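Letters A, B, C and D mark the chains in the order given here, with residues in each chain numbered from 1 onward.
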Amino acid sequence: MVRETQQVMKPKRQKKSVVKETEAVLVSSAEIERYNLRERLVHWTVAISFLYLLLSGLALYSPRLGTWLYPLLGGGTNIRIWHPYAGVLFALAVTIMTISWRRCLWMYPEDWEWMRYSWKYITHKEGVPEAGRFNAGQKLLFWVLAFSGLILLLSGIVLWFREKFSRELWLASILAHEIFAIVAMGAIIVHMYMGLFASPGSLRAMVEGKVTEAWAKAHHARWYKRVMGIS
Amino acid sequence: MTNGWVDIRNSDVILAMGGNPAENHPCGFKWVIDAKKNRGAKLVCVDPRFNRTAAVSDCYVQIRAGSDLAFLGGLINYTLSKGLYHEEYVRLFTNGPFLIKEGFSFKDGLFSGFNHNTHTYDKSTWQYEQDEKGYVRQGPTMQDPRCVLQLLKKHFERYTPELVSQITGASVKDFLRVAEIVCSTGTPDKAGTIMYALGWNHHTFSVQILRAAAILQLLLGNIGRPGGGLNALRGHSNIQGGTDHGVSYEKLPGYLKIPSVQHQNLKDYLKANTPRTLIPTSMNYWGNYPKFFVSFMKCMFGRYANKENDFCYDYLPKIERDYSWVNMFDDMYQGKLEGMLCFGINPVANGPHSNKMLAALSKLKWLVVAECFETETAQFWKAPGIDPTTINTEVFLLPAANFAEKDGSFTNSARWVQWKWKALDPPGEAKADQEILASIFLKVRKLYEQVPGTFPEPILHLHWPYNNPTNPLLEEVAKEINGQALEDLKDENGKIILRKGHQLSSYDQLKDDGSTACGNWIYCGCFTEEGNMMARRGLKDPTGLGMYPEWTWSWPANRRIMYNRASCDAQGRPWDPTRAGICWNGERWVGDIPDYKHDCPPEAGLGAFIWLPEGAGKIFASDLAEGPFPEHYEPIESPVKNILHPGVSTNPLAKTFKSDMDKYGTPDEYPIVCTTYRLTEHFHFWTKHITVNSELQPEFFVEIPEGLAEELGIKNQQEIRVSSIRGSVQGKAHVTKRIKPMEVNGKKVWQIGIPIHWGFAGRVKGPLANFLTPTALDPNCSIPEYKGFLVKVEKV
Amino acid sequence: MALELKAISATNYPTLGIKETERVCKLIDVSVCIGCKACEVACQEWNDTPVEETYPYTGSYQTMPELAYNFWNLIKFREVELGGSFGWTMAKYQCMHCADPGCLRACPAPGAIVQYTNGIVDFVQENCIGCQFCVTGCPFDVPRLSPKSQKVYKCTLCSDRVAAGLEPACIKACPTGCLQFGTKKQMLEKAMKRVRQLKAQGFSQAAIYDPPGVLGTHAIYVLPHGDRPEDYGLPRDPSVPWIVSLWKGPLKTVGNVVLLGGILTAALHYLKFGPMRAEEKTRG
Amino acid sequence: MELTRRHFLKLSATGAFLSGLGFDLRPAMAEVKGLKISRTTETQSTCPYCSVSCGVIIHTMGDRAANVTPTVVHVEGNPDHPINQGTLCPKGASLKQYVVNDRRLTKPLYRSPGSTHWHEVDWDFALTEIARHIKDTRDKTFQSRDEEGRIVNRTMGMAGIGGCTDTGEMNFLLVKTMRALGVVYLDQQSRL
């Protein structure tokens, strides 16, 4: 019925797809594994590097925040030295994440359909279509962050090796770095709110890898059904 | 300098020619800028290159290197033909009205009396016409065709603007632009000065260029006046002092002459060197020559010098010919010398034709070099291309102190003798030069005491009165130079004016009977009973003209402007009251120290130029070797023939050399005119040892004009080779718009420039510009022709 | 003459001091510059800036192509046609000590760049984090990073000398008086007088260079051809780059709004809707 | 508020933290770099390069106390000097490096005939050898009379040059000794 299942049925891709689909296996009657160890490692690498990038970036960006962020992060010089390396780490981790989740993060027509009901989702109303492993909001958030990350990476490289680039490119890069840092910051606030507060169980999913059946059914019904073999 | 650095601020017109003061004397040049800013003075720059002086000048004209005399000749002609000269000044203060003997002539590049075999002049026709008493006949109206002014007019009427343009490569329009400004100072309310340096000196006719400039300044009435004068910008801190003290083969301290072999006794010597008064009103101060000389001999040999032995006249070496620099190295090259002492000088880099310098030094048995840094001369035996094992010269390189590590005086270009103090000890085992020299001398003296030797008397009898003989205090030496009374000195009435043993206060006190000793009479007054006058630091400026009479001491007699009597008219009133050098106040001359008898009223008509036997500034000067008037001759290596007289193209008395290494190029093979110069970032061959200066100008380069670069396909920064017939140098091309092509006598001529500051010793290295320069000398002063020689340029 | 702070990089507090001191100013009268480089050497000597390498010959009289972290004062040489005649311009280039310093505005390190009430803009390397934002902020392309210390350096207008009552080293050395030092007012008067003189001498376009785009500078020029600052190596109408202004101005507000707004919205959302519990949802 | 540089550094290191707590650091940030010539010994001298003779002040470390070996810290123009009025050119401005320079010679060096390098020698050796050479050369090449029998009393085998960069007094001593030795090949930079 949905493309995810269709993929499963494709014989030539079967093996691979099975691996993909085993990303969630039934652990017990009440617990389902949502993220395996590798996925969690990648996520937390992204998360920690992003957090460092955000905080160190904020320190450089805003003197007001800098006054406490500098000592927190070991001083301005350290920030200046490590920020780009953290950026590289972040970019690598996001790349791995994108590759491994490319299918479950793809925006399918039903995701756009889901988006039409996103307001209901936000306001906890009934009638939100069932979501797969990730709902469309999550997917969009990811792509926003990934795109911002790409721009931040490219502009960051220019700023890192500024001697090799023209002054005009520098200035443009600074502007781009700023704008997309703001975008990413906005996106991450949403994500963190959702993960930490708005959706209890999500954090556990990313920490322990497991969710309850109820949680799966409630938030990602389609995914739940597929995992459970219910069609 | 006749005037001084600060005095330049009093000028209305400054001609910078044959020198590049902005680059080579920046802190002196400040006074040019001061005059420009505060007086609205005009700065005119005439030079082969558009240099830094040109960059801030009001008028710049490019000329061919070596054509300066023609340009100045043009200015003299312009002044005379337009009647722009200061007639009263010329009549009062110059030999313009003097009559010259019949028979004096000039034809086809030669003055009367030329001997074609010896290439010398019989100067008997170059003399003043004299009356029965031996005084010069004058034509006060200056209309007599045989008076100096008329002869001058005749001599220079050939130097029309068109001719100047043909010789120098400057356009007629440009020449007239300069002439209009420079020749505008012939009025009492205007004063103009000339700043020149080695660009005029480095020629086979250098003294004549200076003569032309002096004539121009005399005609315009600029000599002796604040804001006027003829100002030589000397190249080293104490080159003036060295010259004053007679470090020169033909001189003794104070411009006394080393005896000639012709003068076998003191009487003959003094007779030959004491000038005879030529006009009744001449003070002829050099008439006191015997006093200067005898006092010098008393200083040299102390109690051994007495009347009976001609004050040890025999102890002094006698000369019969030129032993100057290039001759010295020519003789060395021919193996005539065994050893040499070099104190703070670098002949390999400095001298012309460095290859010959290297070859000459390698013929020496021993060489002593006292220096702060390891110079090219000290390491000549490992110069590029030389195999040290073939050089048998023993070399001693002695570490010397520098300026900060000793006290003593430096005499600047303006004759200011300035004492300085020691700030710290020399590094390591380095010693001050005077200690090195004294130690060597005393060791030699000891050897002569112990082991018999040839004629030891001058060595054993040399007066050496210093407290610590191996390390004389410079104050002691300064006192000795100033001189002291050896007996009580009395005036005509028998009144004692100076006690025995006291320091002299003026050269007026010198005696020719042995009762005074004085190392250098022109320095008499520098260290008196009042103390070290050179150490004074008073900042009073009573005239307001920047003379600072209490700032150190200036020779002669603390005078700041030479010939300053000429700054006033016949009545003793300043030509320009706003710039009164001195003036007669009814009793005496006040202002600067008068270059005159201080209480002689103007009515007495005493000649203004008290140093000269004629009492007047010389427009006509028979002392010179190649003519009493300047004449344009081409450099020894010239791209063109002399259009004034192709038969006598170069200076007929210029000296060239005949060894296998002395070669002179021709324009067909070496078509490009080359000149050498300094850059402001470096000092001579010293600062290549200093990091900062090496950073400012790190590499040897050759300045070549854009057009020539195009012709030869040379790009900026490309490696090129410049060769003269004597050697070649390789370096980066500096392609510039600042040198333009020239049309000389209908022929297109290019010139290039080479800065001198590199060598094979130093933090930064490069070729020596002097690999290219020729061994051709001026007949008067034996200066080599570093400027305006011929080269070719090629890509590497 | 103690130095009082007027502005400090990456610090939003108003300054404590209420003192108002005279603003100092360097005047560069290009018309009498002889390009002797005394200022370059005096700068290096006073500041003990190391000469680590000998730069190769640049193909002109100019010491090096542009300023360096260890070379804060550079005379630019240009062979140009000026006003119909050939000219060789020499003009000293260094930090302009802008009244509105772009470097200070761009700097994220507290106290790394300070502006004193006397107008000097100074880098305090102890506080510099080496991010080079100042390089971006400078409209004159002056600050330079040392590859060794990873700090940024530039002319200090010899703030240590000025604080002790001395003039900057370059000013003192300048042989021709091309460089002058005094209060901004005095220097403007001097400059005005020179401009009048130059105009009288036929330099009809003579002008003072004191760019208003950065609210004026504390190093001002007299240019004989004031209509062509580029011929002296000076930018025409310099100002703090708009990107720096945008970044330090509106964009900062946007960032604050996003940050605070995001957190606030999330909090409000939580208060209004609370967490989305799976149990409830399933139950529902 | 007097702050030493050391204090300032300490303060700025902890600065961010303290200011985070509301402690305002601006007075501490005031410029407190020490003036490097504030307590040096000043000696008046003259620039050794060209003939303008700019007055310079040599700043040396220490106060001339007995136990101090001074070194040059800085050289600057003498503002009282009527000619240069404190200004200097690029050569004069780098005079410190002319004095304190690792290329300075600090020991007498000797190069024997045919040798490819220098040997360090002591002063006594150098001076003794030089004196011996001078006497040998003088005795060997001294000319009492020329071909025509005229007294000339001169040393033909040896030359003396130099002086223009040294003091007037040294120049005088050079002339004095050279002429006493009978040297006629005597010259200096002003010829060039």
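Quick note on the criterion: a contact is a pair of C-beta atoms (placed from the backbone, for glycine too) under 8 Å apart; a residue touches a chain by one contact, two chains touch by 3 or more.
Because the structure is a prediction, the values reported are computed rather than measured.
**Q** Which chain pair shares more contacting C-beta pairs: B-D, or B-C?
**A** Ranking B-D and B-C by C-beta contacts puts B-D first.
**Q** Mean of the CA atoms for each chain, then the mean for all of them together: which chain is nearest?
**A** D
**Q** Just the number, please: Cα centre separation of subunit B and subunit D in whole Å.
**A** 25
**Q** Per the centroid of Cα atoms for each chain, what is the distance between subunit B and subunit C, given in Å?
**A** Computed value for the inter-centroid distance: 48 Å.
**Q** If you average the CA atoms of subunit C and of subunit D, how far apart do the two points sit, in angstrom?
**A** The answer is 38 Å.
**Q** Roughly how many whole angstrom separate the Cα centroids of subunit A and subunit B?
**A** The answer is 86 Å.
**Q** What positions in subunit D touch 2 or more of the other chains?
**A** 16, 19, 77, 84, 87-90, 92, 94, 97
**Q** In subunit A, which residues are in touch with two or more of the other chains?
**A** Subunit A, residues with two or more chain partners: 66-67, 70, 75-76.
**Q** Which residues of subunit C are in contact with two or more other chains?
**A** In subunit C, 11, 36-38, 40-41, 44-45, 110, 127, 175, 177 touch at least two other chains.
**Q** Can you name the residues of subunit C that touch subunit A in the complex?
**A** These residues of subunit C touch subunit A: 9-12, 108-110, 112, 127-133, 135-136, 141, 150, 241, 243-244, 246-247, 251-252, 254-256, 258-259, 262-263, 266, 269-270, 273, 275-279, 281-282, 284.
**Q** What part of subunit D is in contact with subunit B in the complex they form?
**A** Touch list, subunit D to subunit B: 41, 43-55, 58, 60, 69-72, 77, 80, 82-85, 87-92, 94-95, 97-99, 101, 103-116, 118, 123, 126-135, 137-142, 144, 146, 148, 150-192.
**Q** In the complex of these two chains, what residues of subunit A are touching subunit C?
**A** Interface residues on the subunit A side: 58-64, 66-67, 70, 75-77, 79-80, 122-124, 126, 162, 167, 170-172, 174-175, 178-179, 181-182, 185-186, 189-190, 193, 197-201, 212, 214-219.
**Q** Residues of subunit D touching subunit C in their complex?
**A** Those residues of subunit D that touch subunit C are 8-9, 12-13, 15-16, 19, 24-27, 29-31, 33-36, 38, 74-77, 79, 84, 86-90, 92-94, 96-97.
**Q** Can you name the residues of subunit C that touch subunit D in the complex?
**A** The contact residues of subunit C facing subunit D are 2-5, 8, 11, 13, 15-17, 36-38, 40-42, 44-46, 48, 110-111, 114, 116, 122, 124, 126-127, 159-161, 163-164, 166, 169, 172-175, 177.
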